[in-house]
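Note that subunit A is present in both complexes that follow, paired respectively with subunit B and with subunit C.
Right after this comes the complex of A and B.
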């Protein structure tokens, strides 16, 4: 049940509590990992995460858990994979060939059938309700593992639409642990320093800004005052890496492999961000809430996931990065077996699937099963809390002992009634 | 049978406990056949419409997406989403398999049509191919590649060696028998939308009204996720493929024209399905600004077929077919959706007006 880093990379509750106490005393809520032990954790841990989030809910029946030829199976065939006896939807021919590198859970069973409440529940790991707002997976991981030596933003969210700094993802950790959102895969606006500003002038501006910051911080909670300068520092770091966003420097064939579509190009950018040292990247694809025209929608959407994720897996393998990058592909739920009058499928948390690969994950695993018609789980059911334990463990974090600090309140990092799923761990 | 105003009346309604993709009536009027979401063909007697089918045909896979009859005989041509094409002789409530092509296409056959003389069957598939088949024995006559794009609709020209296909992107292609390349192509504006990494829309059906007129139907999509589209029918000149006239059958809640067929006296019958609870049955003529008959009591209508005497049957969806989470009966069984089959009396535009 060890993560990819082995036991030497796991950290006990005592170590973390020790660092937490000192960190808190040193001034700051949510400063758990600012002590020596935490530094050690962060320095020793080179693990990174890519979360591909299919917002709205991809149909498990048109992807990981097909039920061809059954009442609710839909129009598509299933195809064999590189794992003997395992089939996936015909819409995923490339991933079918790479199933031996993936771990798929087909027996996810969660509680919430609504987007507005379900998305944050899943992205927070749905811990026991203690009246506090937990951080999203990205914010939590960025906090627990900190930035990599690159000092690039630890948590970057590549998404369609607008960008910005999304502090709400941080929950009780405080706004500085929010997501730097790259809207449309573009860097924040005005990232480049105007050519008319010399190094000397820039340094003067920097000092002036720090003085303003100090004045602003006086009398304010550190969480609040730190966030502003933190975001500025992130922007400064990004300015030094602005070439990351210049896709014109990439060979056309590389862009083609990921697909000249939003998900493809954003996944390619995510790989480049991870290679440059971002700790956690979330790529979001919108539009999966297919209440209408589900099958035509999946016919054009799933092949784009197939293409982008397959290219990513190949690149991570070719670059030797599978050992340290955890890849997760999921949504807030799946879609109903029954087909509605709009030829759509509705929300279905009762029996759905997700996939993962890379760091600390045992490849070639298909865990759990659903009934022959897909209408319920037919094996041990897994909640998202168990998956968060599993992923933290895979990242070298002892999920059952490590705790967050919310002020003076210690909080488990994942649901305290659950534990890692051993079958999924390398 | 129709009411005093000449508008059709809703008569018998029965329910298929399996959802249907499409329904068609045989030339003899003895068989109302529907392709199901679970690989069957179910046949009813429209003259004595009861829930229990008089015939169930198995052998297909996936969805039985499209059905058409021979113009004069009770020979049924059927295709499915796994690529199978078959011909069946229906007689005395029995089905005899005349021929089948297990892999007529690689995967989903989207559309099927039969030439007016009954000699040729044409199919279009998700694999981007348009294929002509000998209707008598199922032999492949021609394989045309529609630019690698997903073919949604096909039709055979009634007076020449030409045929036509249309795709997800709203592109019409005119073909000539024996030619590898299409003769011409036209994109119909508004029938395709790319949004949030998804292509949606497409021309859903093609029918030749006569040798000079091609009718195409579908919708003008407005957004992904829910079925938000304006149902539309275009009349195009042949062979120029220029749009001569268009009729929009409702607002964007009404979705797509799911099925279109001829109605007596040069009229047309269509059904639409869009947002939950939306969708109508309509009768109209070319030139109408508004259908002269709209039936709104059925929801999410997926198919319509007309008997020789003007009676017609619409296939819809049970109410409350949408819903998140599990829907179960008192015994805890998971509940699927169904297809109500509604028989209508004939109508007359002249008397209705």
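Right after this comes the complex of A and C.
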């Protein structure tokens, strides 16, 4: 449930962007002008996002912020990186060589130690509580930047398990901005046209449908008619790109480079989706909630992140895409320095790390530090709200002025008490 | 009592729909008969009319024909089914169904049970009334664990009681006074939640049922912002605080608990009973204001208060005078839902054209908005349009006809899956999805219904030689209106230029395109 406002809100993206472009409040122009201005702005913005989400919480101590030889340090060593003086866990040797392309924050300090509430809080950028349900990062970006000229769905979520259309991510923006989820990296259901419908018949039936829709739409407010046609357009765009969803067709050597595991193959799929023009791709890896046997679990899992993200960074660089694709690797929190009785680490929002690269981000930065035993932040602490400001800024969105419209209620896109972090911006 | 009687008297002389017309002069033109026909069928019968029903109405020249149709539909066997579907979606928000719950809803609408009585049964279910006991599903379906680590979502049930039955979403007041809405206080949430924390789901019976533990102490709480200890007794939205009643030890129960049978006991002081009585009391304005707002939304496509669960002083009704009138009259008519639906259906605004006089002007309270058609209504409508089901069959209802076809039941499951929202998501506005579009485009069973060799409508139309007749029949069958001249000309040309061996396929695609079009998929 969300307290979403009037029926106008669903198509407010265009109005907001239209008004942003013109530097004035929406409403002064005819709707046609707003549409044109919004489309131009959206097409002018070629920025895209890949969010790699390590659900359950990756341990910062076994990855970005190792504390070898200390009370809570655990069994793994740290290794030097391509940044002088900076070490990371030995579980990520490939990323260590690519640290000069990354920006890492080691002083994340957030509020919520629970998965059920922590995941949505972080994915929404934890804005000030106004009694409304904010969109997730993907839905928000889809709303703010719209689809790219590819017309592919702007927000695709690659995840293990079931797929579908996940409208709950959209919050008050309305289901239109939800995620197209590719469960197990597989394409959506009913994407294949049965052989009984020939190309000619298919063309005919859609032409007729559109003709009926045009006639129905004449003289009406555009919202309902646009929505009714939009989903069929999107369905047809997806069909034209059916090969995109099948990584099996790629050369074995490429698949090997990302790793023959779920995260590797899903990251490869994400790269293809981004290249094809999806605005925002989220790749989720589950199973990071290592309350028991933390060290063996991380020994298996962290190298997969290392392999997949390294292959991705190389590909983005080779293709000249680093300038316009923002990559973020994070979870809802880190893990406790204290090792529990089951040789596990528990939830730890008090001092954790995340990483980013690409579009608008200053490479080779390690921001902030934790105490020698890792129990708390020992520098300025950063909340997720400041990171959302930073990422929106990197994407060319003025995070302190742009607003969502929840019906008639304007809402800041990121926490109004926070700002972008200049050290992270190129 | 006197005021109620006089209100009734004036209502008879000047019925509510006339008073609404005076308060709400419409700017839009009246809807034509065909538009009204389709709309009122979808709203009151949950389906489109069959061709027979459409012709009967469109050929009727009586000035009373609209009124007569409204009354016919309210008395039809479709009405309780439609209301069961609509209130199931509204009250359960796709949490799943239960046959005892369906029976409660169906019986309630068959006998036109007053809304206050329905709500009292939702809040204080009557386990000994076989036809009504399923009302407990409103609570038991929410009092479940979702995942091993999750607690039973009592705050969720508390919030839903406020949202759905009083139109107030107190969700943000769980941990502190609402930061934005000054009317929504933490004590109101806590004073309601204490009642539901005390509820137990009964395991001693095989149907949905709840019991209550003894509630003897006020609720202690504090705001997360200021850790100042506070307490409250029971609080019901729209009503005053209700004091707790305690009894001497050993005398707390009318029927004591039984450990052996796991019967939880029947306390003399039932907090659920208190909530049921105080929420539905005639003097509780929120109670009637919420329901009339939701019925207005159901019929006109938008709430007078919007969002529907945001009744508070900072979010006033779009038309306070109209809203008050509706609430007062609904109360004076003993919360009679059928009466309320009838009065709204008789208004000028309900019977106006949904095409605005100026599309650039935002929807106002005096307009009828295009409305979402529920997955259930859309399913029945598609099958009626395709002549798979016959609503005029006097022997068998639509549901009985469906029960005879395994493939159609399978289709219904798929249909509801793609057209309904996810659990816990209110279904309000027209929000088409790509999943549904792909289903309509490619599902083998859907496409099978368009096969001229095996399906009645495409089969019948492809036998017609006169192309204009094909177009007219398709339009009446699917859109419940005659085809316009322009449409007829275009489609006749299409059919006449189609190769002979492509004609029946072309007719099938024409039917598909009409069913997939926005005109068919929304209630306008």
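Everything below uses one rule, namely that the second predicted complex is superposed on the first by the 357 of 426 C-alpha atoms of A that agree within 3 Å, B and C clash if a C-alpha of one lies under 4 Å from a C-alpha of the other, contacts with A are read in each partner's own complex, and residues count from 1 in each chain.
In this section, contacts are C-beta pairs under 8 Å (C-beta built on N, C-alpha and C of every residue); 3 or more make two chains touch, one makes a residue touch a chain.
Everything quoted here is computed from the prediction, not taken from an experiment.
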item	value
Touching partner for A:116 - first (subunit B), second (subunit C), both, neither	second
First, second, both or neither for A:261, with subunit B first and subunit C second	first
First, second, both or neither for A:373, with subunit B first and subunit C second	first
Contacts of A:252 with subunit B and subunit C, given as first, second, both or neither	neither
Superposition-derived comparison: subunit B or subunit C, residues of subunit A touched	C
Which of subunit B and subunit C A:160 touches, first, second, both or neither	first
Partner chain(s) touched by A:189 [first = subunit B, second = subunit C, both, neither]	second
List of subunit B residues in touch with subunit A within their complex	18-19, 37-39, 61-63, 65, 81-82, 107-108, 126, 150, 168, 195-200, 202, 224-228, 255, 273-277, 279, 299-300, 302, 316-318, 321-327, 334-337
Of all residues in subunit C, those that touch subunit A in their complex	93, 149-150, 163, 169, 171-172, 178-181, 302, 306-307, 309-310, 354-356, 359-360, 362-363, 369-370, 421-422, 424-426, 429-439, 441-444, 447, 486-487, 490, 494, 505-506, 509-510, 512-514, 516-519, 521-522
Touching residues (chain side subunit A, partner subunit B) in the complex	56, 68-77, 90, 113-114, 160, 261-263, 285-287, 289-293, 296-297, 299-301, 304, 336-344, 346-350, 373, 375-376
Residue ranges of subunit A touching subunit C (in the complex, touch as defined)	1, 3-8, 10, 30-31, 115-116, 129-131, 153, 164-168, 174-176, 180, 188-194, 196-197, 201, 204-206, 208-209, 211-213, 215-217, 219-222, 224-225, 227-232, 234-235, 238, 407
